[in-house]
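Please read through the structure below; I'll follow up with questions.
Chain naming follows the written order as A, B and C, and within any one chain the residues start at number 1.
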Amino acid sequence: MTKEERLKKRYNSEKRFKFYGILSVSLAMIFVLVLIQNIVSKGSSAFSRTTIEVDIIYNANLLEIEGPITKEALNNAEFYDLSVESILKIFPSQNAKEERQVLRLFSPDFEYEVKRVLSKKPNKINDIVPIRLTASDDVDQLNKGNFPRDLPEDRRRVSNFQLNIYDNLVEQDKIGKKFNDYFFTKGDSRDPELAGIGGSLMGSFFTIVICLILSFPIAIMASIYLEEFAPKNKITDFIEININNLAAVPSIVYGLLGLGILLSVMEFPRSTPLVAGITLSLMTLPRIIIPCRASLKAVPPSIREAALSVGASKFQTVFHHVVPLAMPGTLSGTIIGLAQALGETAPLILIGMVAFVVDIPGTPVDPSASLPVQVFLWSEQAERGFVEKTSATIMMLLGFLIVMNFIAVYLRQKFEKKWN
Amino acid sequence: MNLLLLAIILAFSLSSYFFGRSEARKLVTGNIKLNALPAYYGYFLALWCGLPALIIFGGWSLFESTIIKTLILSDFSNIQSRDLFYERTLSFFNGNFSGEITNEIKVASERYAYLNNLAHNSKIALVASAIIASVVFAYKKIKNNNKARDDVEKILKILLFTSSLVAILTTLGIIASLLFESIKFFSTINIIDFLFGTSWSPQRAFVRDASTITPEEFLELKDAFGSVPLFAGTAFIALIAMCVAVPIGLFAGIYLAEYASTSVRKYSKPIIEILAGIPTVVYGFFAALTVGPFFRSLGESLGLTVSSESALAAGLIMGIMIIPYISSLSDDIINSVPQSLREGSYAIGATKSETIKKVVIPAALPGIIGSILLAVSRAIGETMIVVMAAGLAANLTINPLESTTTITTQIVMILVGDQEFDSPKTQAAFALGLTLFIATLFLNYIALRVVKKYREKYD
Amino acid sequence: MELENKKIKIQAKNLNVYYGAKQALFNINLEINQKEVTALIGPSGCGKSTFIRCINRMNDVIDICKVDGSIEIDGSEINDKKVDVVMLREKIGMVFQKPNPFPKSIYDNIAYGPIIHGLAEEKNQMDNIVETSLKKAALWDEVKDRLDEPGTSLSGGQQQRLCIARALSVSPEVILMDEPCSALDPIATAKIEELIDELKKSYTIVIVTHSMAQAVRVSQKTGFFHMGKIIEVDSTDKIFKNPSNKMTQDYITGRFG
């Protein structure tokens, strides 16, 4: 092999090596894009819901009201018969089976939707009031183009009869779209069109607040002790080893801890944000202590010496000078730790947060779900409508995580002093 | 009720700060000088007022319900399903019970009302006397013009130290909760059968109470908890994940550390790290709904039978999740290799890749191995991806297109929903958890030591 | 010492170097003679290290560094695009301020260069190269029984001689030394200086040093750098006994620097 050939070979191998590097970096970035694109394309349609406009005949005789029609009486009235009567008028049906199919175009909540509008309008009695009712998830998915229409009828969730009505309604311009406020305000439901993340949002909120209240002060105090006061001895070493190992223990083990100690020994209420918050705070604690200590360590000794030299006590030095200077790093470490806790699922499943909870929790001791658990629960559902709901929940979750991480980065860049 | 008591304690504590401060000021007469700033006397009194009361309050609240429960149940020793009975009693007491009201429930709920009341009253009494006693004690000290600052700092230091003990307590808690149930499990199931048995089917273990096992049932149980398929499945999926993550992560780390310009590095590193910040449930969703079915249809078009819960899909997605753990740590570690080594290599006429392959990587090897070990530990402890995308049936296979199950999947499957605490099935989950904990602890400990040693070498 | 009779090995013409917006070298013109030691002296930060890093194009590694002007070795331009940097560095060895043996065995440290350049086909050829390089660096007798031990286990002075042996292993024509003794004790320094004296018989040597005494001891020609400019170049004798520039005079008598 001549010198030139050898050199060429060496440079080819150089190019190959560099190419592998570029390939790896691009692959990793492509994965990020594919993942996010996949979620967004599946989930963005969940932010709107399909409505069907129905001319409701405000027939007071069907309200089952005895006596005068007052506001109060309207609030207690039954709107089911009235709604059904008007709904069936949108398309002529031959028999009871077809009538059922017509009703199934709407979400089971239509009665309450009608009531919500009409009970406030006693002056419209015996008039015709057009109301946009929420469509069932089948119609919703059909309208969003997620159901292929060319399948044979027995493999479709929408019958030919229903498809016919749908097309008819489209021609009459009765099918509409509307911002899906249900998704944010309602709790869980078996019907995708009525299911919302209101409950799990509150659950996550309570969980994170409890996690913050418990882990932040303890983490700060522990880091201050270890960084500023701890003597170099066996106990300190042992604590350090513990913290480093705990930070890498799989989260599911914390779930077992919550189940084995908090639920079965201490009898805390199951499925509640309280237990979730305590469990997650134990998990988050070491993950906050590590960055907290790093930012305390980054404060140069000269600051401490300056304070000590004017006669401040060790405590005054630490609390008046070191801790405030380390605060930005500490806070951003805490926020990142909380962001991890917010996305955590496995330990919450073990402490029973997978229960089907319709009510939105009002306190941390009410049973509830949390956002990531909601993702898990809905992803197990068969209905096509839950796929977009799940993806939309993921979008919300990722949104919160992005905001939290941005705040953390901002705090660090804006307020952290660079020591040279 | 509890909140009110808490508020009262805090209010007392706050007012004793002002009281202590003003009392200290009154001490200054003639040539008596205070031993510390007046505020420290306030802190001193406030800490003494609040801390003992809070400790008593917290401890009492933690154990109150357990104690009341044991007291009540001890009166009804002949009742079956005791937990259920107690729950019924509670809901009867709260007035939302809708079942058959037995005489026992009535009696128990009266007893509960009595005990509950007693507990509340004694808690208030105890907290109040704690406040009074400690305030009197602290007040006397103030009157003697104590070294308030030193005393306050002593208390604070104890507080700080206690906080750092939480880490040890957590570890102890984990070990206790895992060990307690595992020992019960291993008293029914032989540990050898558990570790080396090759058939896993806990659903067969329908026995509710471990103490009433017949010999036939015992034989049945004996080979229901062979966890080799779980260990194999866990290792297999982790292996697939590492096959994806190690080359990509390592090359990405090398590229970012050695080749990338500062601007490329500035943007691509955080983008890659997004992969580590995405919750694992999102990966699980992606793997189960997109990647699994995609592989399945891809396999169909190639004439292969691919399970839609294939180990390949779960492992691949897990590998993607792990990429940043390897790339970022190896990037850091490669950066800490001294520049002088690279210059020595360049100066002798080596190309960049020769320098990296023959000088930088060998120098950084311990650190890189450490980061890979940490990644392996993450892979075997990862739960949501495998719960959602890998199979549930314990399947001893090395075909990546088939489905297998893992330790974490089985823990979740056993514990999701209601648990019967005395059944060997539930205890099995804790035994699995213990195995997982020991395995990851071992990996983490080695990895952290290796990385630490490596850093010390070049610091 | 007759400067005129010597063949010129390296010639720098109008060399300017910039680190980003900051100019580090201004219009350097310098001739370096074959098989002779040229010392570069000057206060720290004066650009002498930057200059010798231009000779084997080590500044290519630094992104923001821009080199402008010409350096010729044996009459051919090295900053030319066609010149291959790998081949150039094979011809020009370098020894650094701090000894930087690779974290490998002593043997592998020396064998590294010949392996990447494909200089030895067989094992005994390689053994040969390792032995001669170590002998030339006056290290063979100290390490011949422990070639398998890591290079980092040697003492500082031995490490530096190992690095010199490593540079010699690919048979360079020029050896650049960037303050090779600054991290060593006086005894190790004396050994290295002795070695330099021996090496100049077969190699052209450029040495950057902060010690004027060392420049006097080892070099035949000396260049004085200040603030990125070359102030005076002449035979070492002349520079230290009778410098023509006032600034050189002040520096060698210790008025600044």
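We take it that contacts are C-beta pairs under 8 Å (C-beta built on N, C-alpha and C of every residue); 3 or more make two chains touch, one makes a residue touch a chain.
None of the values given here were measured: they were computed from a predicted structure.
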Chain of greatest Cα-centre distance to chain A: C
Selected interface, A-B versus B-C, where C-beta contact pairs are more numerous: A-B
Chain A-chain C separation of Cα centroids, rounded to whole Å: 63
Length of the line joining the C-alpha centres of chain B and chain C, rounded to whole Å: 57
Interchain centroid distance [CA atoms averaged], chain A/chain B, Å: 21
Junction residues of chain A, two or more chains touched: 10
Residues within chain C bordering two or more other chains: 86-87, 116-117
Contacts with 2+ other chains: residues of chain B: 351, 354
Residues of chain C touching chain B in the complex: 56, 58, 61, 63, 86-90, 93-94, 96, 98, 100-104, 112-113, 116-117, 163, 166-167, 169-170
Contact set on chain B toward chain C in their complex: 261-262, 338, 340-351, 354, 358-359, 362-363
Of all residues in chain A, those that touch chain B in their complex: 10-11, 13-14, 16-18, 20-25, 27-29, 31-32, 35, 38-39, 217-219, 221-222, 224-226, 229-230, 238-239, 241-246, 248-257, 259-261, 264-267, 282, 285-286, 289, 313-315, 339-340, 342-346, 349-350, 354, 372-373, 375-376, 379, 387, 390-391, 394, 397-398, 401, 405
Chain A-facing residues of chain C, complex: 84, 86-87, 116-118
Residue ranges of chain B in contact with chain A within the complex: 62-63, 65-66, 69, 149, 153, 156-157, 159-161, 163-168, 170-171, 173-174, 176-178, 180-181, 247-252, 254-256, 258-260, 268, 271-272, 274-275, 277-286, 288-290, 320, 323-324, 327, 351-354, 356-357, 374, 377-378, 380-384, 387-388, 408, 411-412, 415-417, 419, 421, 429-430, 433, 436-437, 440-441, 444-445, 448
